[in-house]
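One chain, chain A, appears in both complexes that follow, with chain B as partner in the first and chain C in the second.
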Partner chain A sequence: MESFIHIIILSMLVTTAAAIVRVKDLFAVTMLAGIYGLLSASFFVLMDAHDVAFTEAAVGAGISTLLILTTLSMTGRFEKAAENPKSNYKPALALTLVTVTGALLIYGTQDMPAFGAADAPVQTHVVPRYLNDSATEIDIPNVVASVLASYRGYDTFGEVVVIFTAGIGVLALIMSTVSTAPVALRASMEEHVILRIVSKMLIPLILIFGLYVQFHGEYGPGGGFQAGVIFASAFFLYAMLFGLTAARKVVNSNWVQALAALGVLLYGSVGVLAMINGGNFLDYNFLAQDDVHGQHMGILFVELGVGITVASVMIIIFFTFSTHQQRDGEPD
Partner chain B sequence: MSMVTTYLSWALLVLGGFLCVSGSVGLLRFPDFFTRMHAASVTDTLATGMILVGLMLQAPTWIVFGKLVMILVFVLLTSPTAGHALAKAALHSGLKPLLPGKGGKIDADPRPSAGGV
Partner chain C sequence: MEFLGLFNYWVVVVLMMIGFYIVICSNNLIKKLIGLTIFQTSVFIMYISMGKIEGGTAPILAEGVTLYSNPLTHVLILTAIVVGIATTALGLAIVVRIKESYGTVEEDEIHAKDKKA
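Right after this comes the complex of A and B.
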């Protein structure tokens, strides 16, 4: 029965991907990409990977769809037609490249162990230690959180730095053309009374849910990445319905930029504090008197740093894109 | 007691599933954008509500029950709002609903079907 559902979801994924390739309307493509994200999330739930599914639903289906829509409002709605003589549309080269790469990848899978094989390196290398010792070494119920924040603390630090760099990149590319003067509010959202009232009811709930996801990550699916994205989406909702001018009164862009850096700094400081106390970088055992307590504190602060950086960078990207678009006077 | 809740829960789940399917059929078969959206949003709200209530009856603990209630409140708030926003956006961009003509029949619409967008 379960493999039946797997087959259905996987074929829906393939169909959605084919539709993404075929459809020329980029708004529809964005929505299809969101559907693709939701389907992947359902598939991950079926595979019992709840943390991954949560991340995919929040990031893949949620925030990236929104960010792509914001980008589309800057670029234009339709793909350039292939018949247009001015477009440099050369499918043969891309097709060859994709075919060769795909063939190489499929050839590469021949050397890999079978799916779910007991002697595969993924089952024998470090996973047994994580699964067997996480309960005594770190003592939190969600093993994914202990792997992500403690055993693999370096990797997660790298991811946070990548997100921070993305925020800096967007600012460096687009910020220079944005004036700090307040821009006029588009009136198109003024009459959306029902949307405004419902979103006013929902925004506090979204913020509380974000905090719940942030601080409940050790006990269930969740953590800094998902929480940051959910927290930022509340600000997106407010900005879209009440206008950028109103949103700018809530979100001070200088503060948000400082917060984006502060999250990374908090993460790194936890690592440096462990070094000062005599351990290795990000060795939380040295943060408190006993190891388990130190692990708990380390994971809490590290996840907080992740959440702060992710939320701030998402808000920075969204606001920079929308301000840029508004200033260019691009009609809706 | 447990027998009654189990049967009631399954009745709600099956009815909710049926409504999901009927909403999808309506989405495919109704003549214009607004009736299709009606099929999708109205049946989806009811179907999701029924499925969630059916699950609530089987909830093992009160925490699970509470979480399902919160999901239900969220769906009841967002789903009709999304439908409203969609219909408003369609009206705003100039799409008119199909209305009955003089003979009580639906006028043939010269425009291509809007459902594909």
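Right after this comes the complex of A and C.
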């Protein structure tokens, strides 16, 4: 039965991707991309990767769809066919290139270990140590959280910095220099009473769920990355239904920018604190009297830093895009 | 699940090539970015498929469970997804700026304007 679902989901992924190639209406393409994200999230659940599925469902099906739609409203809905006969686009050539590359890659897969093999190199290298020793060294049930925040804390710090930098990049590229939108545009969803009431009820639940994912991440699937995107989506929902002007009253953009930096700073400070206490950077064993307590504290604060930065950067990105769109004039 | 063999990896290759085709063959910058997303997701699927162990369960330690899927690939992909959306947003911001400067997001029209200038 599981193999059956497995094959169905993968086939649906391929079908969706093939449909994206053919469709010229970019609105439909965006919706298909959202479906693609949701399907891959379901696939990740099937592969026991619940933490990943959480993230992909929030990001692939939610936030990325929203951002692309906002961009579309500024750039136009339809893709033009290249009508110029001398154009550089030669589908036949591209198709040949893609087929040859694909064939080579499939030939390469012959050397891969079979799917699900327990003796594959990827399962035997460092992972047994994480699975066997994390119970005594870190003592939290979710191994993904302990690898993310403790064993591979340096990596995660790097990723958080990348996310922060991308947020700054978006701000630098399209931040509106005009401080206020000239006319307070009516919220586009104002007349949809049911949507408004239902989301009003949903928003607090989404926020609480975000906090749950953040602080329960050591025991179940969850953690800063997932919580950040879920938390931010509540603000997106509010902004979409009640308009940007109303949302700006809730979220002060200066504060959010400060919070984005604060999250990175919190992560870094935990590392520096470990150094002050005589350990290496991000060595949580030195944070408290005994090692396990130190690990718990370190992971808690580091995940909190990740959550704050991810949520703030997502809010910054969305607000910057939407403000730009409003200032830029009406969708065409 | 024996017969699945390398099926996952073939699907990954097909998805990757579809994404690749969209990136090189579409004229519209937004569609190119969506192609990149498909390409990116195919890599995620590859990693996660590699981490799955037959009969294993999610890597959350529990009593009476001895076989867990690989937590390391999950960590790598989980962070990659969030970094991916942040960089996609950066790409979209660049597209918006291109639209403002050139009045179009079609690649051949941008090249034509560049040649005129």
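Assume the second predicted complex is superposed on the first by the 283 of 332 C-alpha atoms of A that agree within 3 Å, B and C clash if a C-alpha of one lies under 4 Å from a C-alpha of the other, contacts with A are read in each partner's own complex, and residues count from 1 in each chain.
One rule holds for everything that comes next: a residue touches a chain if its C-beta (ideal position, glycine included) is under 8 Å from a C-beta of that chain, and two chains touch if they have at least 3 such contacts.
Computed from a prediction, not measured in an experiment: that's the story for all the values here.
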item	value
Touching partner for A:A17 - first (chain B), second (chain C), both, neither	second
Partner chain(s) touched by A:L202 [first = chain B, second = chain C, both, neither]	first
Which superposed partner A:F44 touches (first chain B, second chain C, both, neither)	second
Contacts of A:A258 with chain B and chain C, given as first, second, both or neither	neither
Dominant toucher of chain A (residue count), chain B or chain C	C
Partner chain(s) touched by A:I194 [first = chain B, second = chain C, both, neither]	first
Contacts of A:A246 with chain B and chain C, given as first, second, both or neither	neither
Partner chain in contact with A:V162 - chain B first, chain C second, else both or neither	second
Partner chain in contact with A:M74 - chain B first, chain C second, else both or neither	second
Set of chain A residues, in rising order, touched by both chain B and chain C	none
Chain A contact footprint on chain B (complex, rising order)	74, 77-78, 81, 84-85, 88, 117
Chain B-touching residues of chain A, taken from the complex the two chains share	25, 28, 192, 194-195, 198, 201-202, 205
Of all residues in chain A, those that touch chain C in their complex	2-3, 6-7, 10, 13-14, 17-18, 20-21, 26, 29-30, 33, 36-37, 40, 43-44, 47-52, 55-56, 59-60, 63-64, 67-68, 71-72, 74-76, 79-82, 84, 87-89, 91, 94-95, 97-99, 101-102, 105-106, 109-110, 112, 114-118, 120, 122-123, 126-127, 130-131, 134-135, 141-144, 147-148, 152, 155-156, 159, 162-163, 166-167, 169-170, 173-174, 219-221, 223, 225-226, 228-229, 310, 313-314, 317, 320-321, 324, 328
Contact set on chain C toward chain A in their complex	1-11, 13-22, 24-28, 30-31, 33-35, 37-38, 41, 44-45, 48-62, 67-75, 77-90, 92-97, 99-100, 105-106, 108-109, 111
